[in-house]
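Letters A, B, C and D name the chains as they come in the text, with residue numbers starting at 1 for each one.
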Amino acid sequence: MNQTLSSSTPTSLSPESTRLDTEAQSSIGNSMDTETDSITASETSVSKGSRSGRLPGDLAMWIFILAELTAFALLFSIYAVNRALYPDIFAEGQAGLDITSGLANTLALLSSSYFVARAVTSVEHGNNRKGFYELLAAIGMGAVYLVIKILEYKHSIELGYDITTNVFYQYYYLLTAFHFLHVILGMIILAFVAIKTRKKAYTPDSIMGLESGACYWHMVDLLWLILFPLVYVLH
Amino acid sequence: MDNSNLNHAEIEPANSRSAKTLMPSYKVSTILWLLMLALTCASAYFAEQPSLTMNLVMAVLLITAIKAAMIVDYFMNLRGAPRFWRILLMTYVPAVSLVITATFAIDLS
Amino acid sequence: MKFQSQAVAMPYFIAAIGLFLGQILFGLIMGLQYVMGDFLFPEIPFNVARMVHTNLLIVWVLFGFMGSAYYLIPEESQTELFSPKLALALFWIFLVAGALTIVGYLAVPYATLAEITGNDLLPTMGREFLEQPTITKIGIVIVALGFLFNLGMTVLKGRKTVISMVLMIGLVGLAVMFLFSFYNPHNLVLDKMFWWYTVHLWVEGVWELILGAILAFVLIKITGVDREVIEKWLYMIIAMALITGILGTGHHYFWIGTPDYWQLLGSVFSALEPIPFFMMTLFAFNMINKRRREHPNKAAALWAMGTGVMAFLGAGVWGFLHTLSPVNYYTHGTQITAAHGHMAFYGAYAMIVMTMISYAMPNIRGRIANSRQAQVIEMWGFWLMTVSMVFITLFLTGAGILQVWLQRFSDNPQGFMAVQSQIEVFYWMRELSGVIFLIGLAVYIYSFFAKGDEVTVDNAATASA
Amino acid sequence: MSETFTKTMARNIFYGGSLFFILVFLGLSFHTTRVLPERDHRENINEDVILGKKLWEDNNCIGCHTLMGEGAYFAPELANVYDRFGKNKEAIKAFIKSRPANGIPGRRSMPQFNFSEEELEALAEFLKWTSEIDDGNWPPNIQG
């Protein structure tokens, strides 16, 4: 029985019982008794054959990614509609943004995605140490993004622009801050996954947790790829 | 199904190496990375243009779509994933770009 | 029923259905008052009937949740309940406190009730759904603490499964959110802002955890599908529920004075709130299709699937109908809201309690499932109630659309009372559906007494190898 | 379609996702409480407004009326009743005072609460304060 050790926070909270759960009075077939569930801490994952290729990472993470993508798609569309409704406020607001910091942020996130991709490649070849350092580099680039973004916010707040200033700044702050928080969540996931990579929890055969974390981080980068032109470039 | 160990029926190694497509090699990743950096700088250059024309909007969004396709296919490694997921992720950025282009079209016309 | 202490759920279920009947009777009174304005005036004015209707609803669903928990936790933890005596004591305290409150609403004018119960010391009365006197609220907190203590001790000394964990998180969340009903500031905007913690974060937050846990439990029992699969999906459903539901609170912060960014966040995240209900419907149907045993209790399976569908329709679809702020600007505070309220509450919470009752009651009464005749009658009750609720919702939606058209959306809007008289035809049809709902409930109650050859031996031969 | 779907990951998504959105919600709610003062003009909350809200609650007005769209849908919306009555508190007080004790035959009617003069003034003041809250200029028109 294969041992998929994806990210396993202490499972004291809910050791998964993996017995077929009948709990009916009678027993099934000739199994000795249905009642005493042997609590096996192992985590078995059902994977039906892999003829049609395999989704990297965990389906649970992908459902989370799809939900986030849907939420942001709605946010982007509403932003775009409001930009069309109030072109002058948005034009004036966008002019106030610093394109270079936007560009730097995009380059930082692209590079961190690159490092994460390298890390997954490394672990696939069994080189966990190299993968660990690449993940650290990715987190570092993420930190660069955070710093640039905080400076940007400080600058525009000093100019007196707040989330309630006008319709542009309401959308600007809401969209970018919401993405900012997702970068932080992504970095926490990357740190978590990096520690497990360091502890050799991932092997070329069991890499699902790392792939899930990587896919989440690439999604965060994907969102910024749309945000950058939408907010900074197109005005 | 009456084996005493009543775990799930078909158990096989979740993702044995052969079963899944591997990540792109370092070289491929690096090339894609540099290409994306270049594309980003190009689209930033567009921002310097004085006036915003429709084809400028579409050019920038096209660049974004290309970058997104690279990330989804290579970095997220969906090249070997089931078609449903690959199509879903690949059409995400074009779909959002379409909506954005529409809002620009309506506004400019 | 594996543990004797699970029998303590029976009084809770009986009380729940009894209060449910009371709720529907007062619902019919109010329905008639909508069309005959002076019906029972001034003996039972509309506001008193409404208080009784809404408070009975919340109390009977809480009784249902408690009964379900008392049945579910011992079986999940595979140990006897910590203290059945405490459970019974709390039952009587809660029932008496509830009954006294309802009598208080009916017997004396509300202002006098406020005076008698010393509301001036800590004023918490007079807010929708939280009209109970402060002493009753304190009683509810005491009952909740005793209830959680009783269950907590049972879980601690027994097996911890995902279902019992999720149920406990839901119940503790319910208790914590109720504490906000004690916060009643002088500033109406702050009052409303935190009032929604007790209302929204209940029904679109922690109650969805309770709903998911009970549905998962019943599905494991009647389908025999592997616990691993069911608990995995349970986690995903409640993850989506909280992820969309928490920021979904924003759709109540559109027009109460809170800043405008709530209109964006509230619309986007509440637009995603139907996702967990849609997943729950898929979950119920998938598990029943992939069932590995033919459980004789067909009625419980019907209830489980019905809960999924009606919760998605009522809370999901009808909720989405008026959750986007540009739409809500016109439909806020109209009959559209009432339509959503009816089908959502019945589809999600009334039905999950009846699902659990349908599964647990036969076990408590010493049989695997009721007789075929009893189950057929129960299914008649299910269909009569569910279909008449759909009609109530359709008629109220019709009334709401006409109301919005005449009173909100038109260039020369008409007055409230003028519009009410023009939508009276919908109110008559809604009242008729309400009567049919009462008939359905009567049929459902009768199904418990129907005679027939009960199923006492479990044919748990697994359906598929 | 083959994919792996483990309960541990689903559990982590549940705890991580919920915690993340709880923190975002708390942050925004905190910001809202900071921004509210200039939107709800709390500086105008005087003794009368406080007594008016207490009377509003003690007589369960929310059992028939909606206030800012929330409540029962049996009687008119009252968040803008002050404007609807021509910004005239006396008109509101007269209306409440003139409710017939045993109602109007064949029609919905408001009970007679026998308020004193001060209580009527307090209620009218509360409704006036409520109408001045910056609520995204809801309701859409004077009819409410």
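Convention: a residue touches a chain if its C-beta (ideal position, glycine included) is under 8 Å from a C-beta of that chain, and two chains touch if they have at least 3 such contacts.
If you're wondering where the values come from, they're calculated on a predicted model, not measured in any experiment.
Enquirer: Looking at chain pairs A-D and A-B, which one is connected by more C-beta pairs in contact?
Expert: Most C-beta pairs in contact, of the two: A-B.
Enquirer: Just by CA atoms, which chain is the most central one?
Expert: Per-chain C-alpha centroids compared to the overall one single out C.
Enquirer: Between subunit A and subunit D, what's the gap in Å when you average each chain's C-alpha atoms?
Expert: Using C-alpha averages as centres, the distance is 40 Å.
Enquirer: Could you put a whole-Å number on the gap between the CA centroids of subunit A and subunit B?
Expert: 14
Enquirer: So what's the Cα centroid distance for subunit B and subunit C, whole Å?
Expert: Subunit B and subunit C have C-alpha centres separated by 42 Å.
Enquirer: Could you state the distance in Å from the CA-based centre of subunit B to that of subunit D?
Expert: 47
Enquirer: Which positions in subunit D are in touch with at least two other chains?
Expert: Answer for subunit D, listing residues that touch two or more other chains: 1-7, 10-11, 13, 17, 24, 31, 35.
Enquirer: Pull out every residue in subunit A that's touching 2 or more other chains.
Expert: Each of 4, 13-14, 16, 18-20, 28-29, 44-50, 52-55, 60, 62-64, 163-164, 208 in subunit A touches at least two other chains.
Enquirer: Could you list which residues of subunit B touch at least two other chains?
Expert: As it turns out, subunit B has residues touching two or more other chains at 1, 8, 14-15, 19, 82.
Enquirer: State the interface residues of subunit C toward subunit A in the complex, per the touch definition above.
Expert: For subunit C paired with subunit A, touching residues are 2, 75, 78, 159-162, 165, 220-221, 224, 226-229, 231-232, 235-236, 239-240, 243-244, 259-261, 264-265, 267-269, 271-272, 275, 292-293, 458, 460-462.
Enquirer: What part of subunit B is in contact with subunit A in the complex they form?
Expert: 1-2, 4, 6-8, 10-17, 19-26, 29-30, 32-33, 36-37, 40-41, 43-44, 46-48, 52, 57, 60-61, 63-64, 67-68, 71-72, 74-78, 80-83, 85, 88, 92-93, 95-97, 99-100, 102-104, 106-107
Enquirer: Can you tell me which positions in subunit A touch subunit C when the two form their complex?
Expert: Subunit A reaches subunit C through residues 13-26, 28-29, 35, 37, 39, 44, 46, 60, 63-64, 67, 70-71, 74-75, 78, 163-164, 170-171, 173-174.
Enquirer: Spell out the part of subunit A that touches subunit D in their complex, as residue ranges.
Expert: So the residues of subunit A touching subunit D come out as 4, 6-9, 11, 13-14, 16, 43, 45-55, 58-64, 163-164, 178, 181, 185, 189, 208-209, 212.
Enquirer: For the complex, give me every residue of subunit D touching subunit C.
Expert: By the definition above, subunit D touches subunit C via 5-7, 10-11, 13-14, 17-18, 21-22, 24-25, 28-29, 31-33, 35-36, 39-40, 42, 45, 49-50, 53-54, 56-64, 66-77, 101-109, 111, 113, 129-130, 133-136, 138-144.
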